[in-house]
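Both complexes below contain chain A, partnered by chain B and then by chain C.
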Partner chain A sequence: MALLHVSNLHVQYKETIAVDNISFSADQGEIVGFIGADGAGKSSLFHAIAGVVPFSGEISYHNYTYHSPKEAEKIKPYLGLMPQGLGLVLYPELSVKEHLEFFIDIRNLKKDKALQQYTEELLHMAGLAKFTDRLAKHLSGGMKQKLSLICTLVHRPQLLILDEPTTGVDPVSRRELWEILQHQKEHSLTLFSTAYMDEAQRMDRVHLMHEAKVIAQGTPDSLIQSAKPYTYEGVYECDTCISFQNRTYALSTLPMPHAKPTLESLFFINALQHNAIPPKISIAPRSKPLDIPPIVMEAKGLTKRFGDFVADDHIDMQLQRGEILGLLGANGAGKTTFIKMLLGLYPIDEGDLYLLGKKISSAKDREDLKSKIGYMSQNFALYKDMSIKENLLYFANLHHIPLSIALTKIDELASSLGFAKYLHSLPKDLPLGINQRFSLAAAILHEPVVLFLDEPTSGVDTIARAQFWDLLHQLKNRWQISILITTHYMSEANFCDRVVVLKSGKKIVDERVDKLFEQYPWAKSFEDIFFYLYQKEKT
Partner chain B sequence: MRVFYSVFMKEIITFLRSWGLVAVVLYSFTLDVYIAGSGLVITPRNVTVGYVDEGNSITAQKILAKLHPPEFQKPKRFLSQKALLDAIFDKKIMVGIIFPKDFEKKLANHDHPQIPIYLDSTAASQAYITLVYLQNILLDFSMSQKLFDLKIHKLFNQNSDSKMFISFVEMLSVITMLGIILTAIVFVKEKEDGTWDILLLTPAKSSHIIFAKAFSQVTIMLGGIIIALGFVVLEVFQAPLNGSFWAFMLLSILYLLTLAGIGLFIAAASQTIMQVAQLSMLIAMPLIFLSGAWTPIYSMPTFLQKLSLISPLRYYIEGSESIFFRGTGWEDLWGYFVGVTILGIITFWYGYKKIGKLF
Partner chain C sequence: MRIGAIKAYLLKEFKELIRSRLIILIYLVPTMILLLFGYGIRLEVKHTRLVVVDEDRSTLSMKLLQNFTHSKYFQILYTTTSYQDALHKIKQAKADVILIIPADFEKNLFHTHKASLAIFIDGAFPLRAMTMQGYVEGALINAMEDFAQKYNIAMHHIAIVQRNLFNQAMRDENAIVPGLIGLVLLVAPALLAALLIVKEKEYGTIFNFYSSPLTKSEFLIAKLLPVFLLHSLNIFILFLWSTYLFVVPFRGSFWLYWLSSEIYILISLSIGLLVSIITNRQIVAVVLTLIITIIPGFLYSGILMPISSMQGESYIEAHLFPIMYYNQIAYDTFLIGQGLASQKNLLYLGILILYSIILLTLGSLLMKKGMR
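Coming up: the complex of A and B.
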């Protein structure tokens, strides 16, 4: 009999089905992963198991069976839950040490030598031993997550539920978090959810989730193997296959060699199996051709300070015509600040900025350029009380686009970006992927020359992300648009022409992606290179 | 102009679709005004009276007979002074009257008997107004030979009805609070949602955006004022409208622009709706208290009286009251118009400058 046994679990909020008939069992010593995009149902599943939301179905833990949050009270002493969100369980005004003491007190633990030793060990592993007096609000995103994790571990839970503990955490802290988990893995059963496919390799078993269902489960290797028959090398045009990044997925046999699949491949195959092939995206050429200078943006020694804190420290950067430049780095490395300086949303403290060959020294210099720049912010910021069409019309008006042109343009973008049937819906009723594409539509409505995208892909499911990147490449090829994009997904660096890596406000890498792979032939993925360079550069 | 129009319409549509906000505004302009008008009573009503009559005096009974509903409840008899004081302490009785043993005798001998009265002054205004009532009753009673008669003419509010006054003043206070908050919210909501940055990156002129946003809220407020007047102040409480309705509307528009200016300033200083709420309270409360809305200006300390000159609400209230109750004509209203306009120009200019810096 397994330690945890979940059968026919079903969670529903009003109309929405969050978890649809999921069953699985897991044993002590295992790390069991749930991978999927935002809204796939991972959090609801975890909340049901932790007994904090009503559910139907049956869960048994250590032969104790429960059907409701009330019955689940009995397992709570054995449970450790870390909810989603950076530092959500922390109190900003308490120090690291006070946090541990607080969690020891609310768990009513006996303060003996063994506990003392255990907490010191935890602090050491989390790399927080030197910062015990620092207040939580002054910790970085990665440190916050590590502190949250050791606070959850302090009572040695036997069932550890971690809901996206690595989202928004820099790669270095992510590795440390995993080390802590590996270390205490024998004593407990760990349920782990994440949006990063690359973390799956460290898990014993993986469940891929899509729209409230588990679409595949097994060991990471067996899952990848199972996708092999459907994965082909190269691009192929047909109605019943999906091509993305030089790979084609099809259920039928294609006259092409097979390629090594990844976990992401499974999402494409699932879409094929459920006949949910995403619409083909195709961008119409610019309505009038533009003369674009070879260098679209040039920053020389751009610096931004907030009090004593230097957010961006003398950064040089160049963005060429028709180039996709990926801006990578941990939370708080200065990516968003840099983009906001380029856009004029933050004043520049030091350094020179040239946009489209023109030196920017005052807000007035930007006035003429506003029609040439497109920007999409982190949370797809659009008006929630207005339909998609109203939103787009509103922006068209603010961009002085004549009404008749705006209306045709909106229809054209809606059909080419695949959200035509949602034009009259409110953004809040639509999936994230649709909102993402329609935010992009708002950003390119006025046919800009350069596009600044701040984490446009976070939280969006695999297929929507693939479509989005396809779209960006089309914009690059057909419009000669230049794109500066920030992302947390290391794998997305492969889709960029060049990457710049920031660390604590300093530029540490600025190189073409293919050159990087040439320089570091041992690297299996871009993350390996990133990690290597990031570690090399001691701050 | 197209930018102005689309921003204006967008704000109106957004307002109408956020039903929570619509409900708050509707509530403030109807039920809130109604509750204030009918709940805040300044004349004594249902006052509880207790008494101790040590000498079983007949005169005492005659006096007590004058305390009748609806102002007073039937006086309750207590057997000792202590029992009466305990009852006052327990908030069972608000007014305690004691008729001493020798009350009747002294009265007969013209020996100025004393009647100790105990008042629960925690209900301050009620207690003092009750005291005035009691004094009048006793005065009437003791002055068998009146030296003179008072003939009182109540002007402008013949029935001394406080309800319509209070509902009217409450409406003006609601206008003050909401006028500031609504304007600030349309800006800060965009900051919270992150749409602000995108707005800044469009080539639309900042002046068009600011004016369109401010005017959209002024329009919404005017709608609220008409609802409050039509349904509550004029209809339920039957306040008179002796002057020109249009004079009042014009004065309101000027006043709303003043408030919009304050709202712009708050919007510039706040990052979240929460901060808007806090700052609005901080600014609107002194405006309301200094305006003479709840305390007459002449009974304020001198320096506060001087300070009240810079409360735009003071001119708005005095002007509106003149229009409604006194029926003052246009020619005599110019002082109020000038006051609101000058303060309006100053606040709007300052707010505009502050929010304009963010563009």
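Coming up: the complex of A and C.
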């Protein structure tokens, strides 16, 4: 019998069914993945197994069967749960070392040499050995997640449940997280949910969830194989197919060659199977054609210091007309600080900044350019208790757009960006993908010349991300807009024209993406190039 | 019960309280409430500004006025003969009371044994006006009695002998400060208990409890013990402020005051626990706790209104909230000192103990280890 056996699991919150009749088993030494759009029920499934929410059905672990949170108490000594959210299980006022001591104590572990050695090993693997006295509130997002993971691992749980531990975490920290996981994989059973398909690829088995159900499962390779009949090379225009990134997905046979699918393909095929074809997005041309200078933004030696800490160290950067520039780097490398300097949210300590050919030296200079710049922040700055339409009207007001024009503009954007039916809903009731699109609508309502996007795709599911990028490319082509975007998805670098990589506040790469692939022909993906360059810089 | 785990939680709570500087508020807020309300609420009126219209100008009227000049409660602004002028002063809010002694006041009194004088009081604040009226009447009666004795005149009025029990000095501090202790010890521990639990819910750190073998009672001890200990110190701090700064007498048993205060803190933190069960956000928890503690803590404490003079619903409500029972004991230990010799105090102490047991049991039963 398997180590963990879940049968006919149901979780219900009032009216909504979060987990609908799910059964699966898993064994020690396995990493079992769960993927799916947000709201598909992954977290609820994990909470039920961890005995944190009431459920119906049966779960047995090590031949001990439980039906309720109360009965699940018996498995808690063997359980390690990391809930979704950055640094959620950490106490901001405690240091790294105090966290480990706390977790050791609440698990009543015997403090012997072996434990000490193990915690030192964990600290070392997480790269936190040098920061044992730092308070959790001063850690970067990636460090927080690594600390959360080693705190969860300190009692050597045999059932490890990790709910999107890597969302919002930079690629470097993600790699380290995985190294820790691989290291202790043999001793436990790991349940893992993720939005990164490259991670899902590494798992032993993957479950694809859709609307509270598991709709496909198997090894990553077998799942990819199952997508093959529906994946075609090239772009094809039809009502019952989806095209994205030079691939077309259709249930019917198309007159074109098959392409090698990826795990992402599963999401598109699933959408086709459920007749949930995402609306075609098309951006109307600018209402007034604009004369845009060839260089939209130029930074010369831009520097920002926080006390002794140099967040951005003499950074030169150019953003050209109609260019998508990806700004990459680990958490704390200085990406957000850089964007905040461009926006005037932080004063510039040193260096010159030119926006649309004009040198920025005072707040007054910026004031005149406000109408030319669009910005979308990490945590979508929306008012959660105002409907989408009210939110957009509010933003239109900020930009002094006359009401009549604003109303038609909002309707136009809503239908072209595909959220028309949600106009009167509250943001808090909508999936992240919709909120993301209408945050973008708020940022482009005044038809800016340049867009600054700070991690707009974190936590957003595959299809919504695909649509988002489609949208950005249309904006670029039809509006000649320039986009500066930060992201933690290395695969998204492929969609950019050029990338700039920051490391500890310094620029280490500034090159066109196609040129990089020419320079490093051995690279299978952009991630390989990124890590090669990132590690080269270290030595 | 695993002591190690509880100790770890306790240590963490204290570290967090100190590093987040919440500890300052724990000791500053009770003291501030005591100082602000203790100095701020003034039921007595000192230095009533008096304008005298003396049309008589006799020995008697002079004697009468002397009674006002030598009192800390009055301050004779000036003596005039014009009624219009005096009225004008009141209208300008430059005076509070006009005392008019009509012409032939002394003559009438000696000949007919019947005389009248007039008092006009600024009634903008009724409570203040009533207090001032009492003062003026008291002063007049005093003067007349002296006068009657001296000249051996039989007075045909009823002398109202007023004597305030247990607060003979009529000091506001004595009447208010013990009640404020009851208010502070109801609000502050409830607030802290609710915050300590809801904070973990809001941040997500509550999952550490959910997913660990820690039991519900261990968690509750870890969360409520710091509140209990920290606020136990406030019992002494508030006592010291009351007796040294506000010079409230302390006539009863300190042990009784201490014991009942500790039980009372248990009640308060159980209220915080109950609030934390139904809320998930710190701000909601704060507002809810304040509403359900401050309003009854103030209205039904007996500070503003004696419970015995309440009627109907308010009388019942006053008996539903714990503060009335605690305040009875607090006032007794400070001002009276009967202690447990009084049946009422014994009964009320019993009710407090019962209250704390019920609330604490209810809180720990309703609290769930898990979401929802």
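To be clear about the criterion, the second predicted complex is superposed on the first by the 503 of 539 C-alpha atoms of A that agree within 3 Å, B and C clash if a C-alpha of one lies under 4 Å from a C-alpha of the other, contacts with A are read in each partner's own complex, and residues count from 1 in each chain.
FYI, contacts are C-beta pairs under 8 Å (C-beta built on N, C-alpha and C of every residue); 3 or more make two chains touch, one makes a residue touch a chain.
Please read all numbers here as calculations on a predicted model, not as lab measurements.
After superposition on chain A, the partners chain B and chain C collide with one another. Within the superposed three-chain model, A:Leu398 lies in touch with chain B and out of touch with chain C [touch as defined at top]. By the touch criterion defined above, A:Leu382 reaches chain B but does not reach chain C. Once chain A of one complex is fitted onto chain A of the other, the partner contacts of A:Arg202 are absent, as it touches neither chain B nor chain C.
Once the two complexes are overlaid on the shared chain, A:Glu98 sits against chain C while remaining clear of chain B.
In the superposed model, A:Glu73 makes contact with chain C only, not with chain B.
In the superposition on chain A, A:Lys300 makes contact with neither chain B nor chain C.
In the superposed model, A:Glu367 lies in contact with chain B only, and not with chain C. Of the two partner chains, chain B is the only one that A:Glu390 touches; chain C does not reach it. Shared-chain residue A:His47: touches chain C; no touch with chain B.
Once both structures are placed on chain A, no chain A residue is touched by chain B and, in the other complex, by chain C. On the chain C side of its complex with chain A, the touching residues are 2, 4-5, 7-9, 11-12, 15-16, 19-20, 203-205, 207-208, 210-215, 368-372. Residues 2-3, 5-7, 10, 13-14, 17-18, 193-195, 197-204, 359 of chain B touch chain A in their complex.
Residues of chain A that touch chain B in their complex: 340, 343-345, 363, 367, 370-371, 373, 375, 377-379, 381-386, 390, 393-395, 397-400, 442.
In the complex of the two chains, the chain A residues touching chain C come out as 13, 47, 50-54, 69, 73, 76-77, 79-81, 83, 85, 88-94, 98, 101-108, 135.
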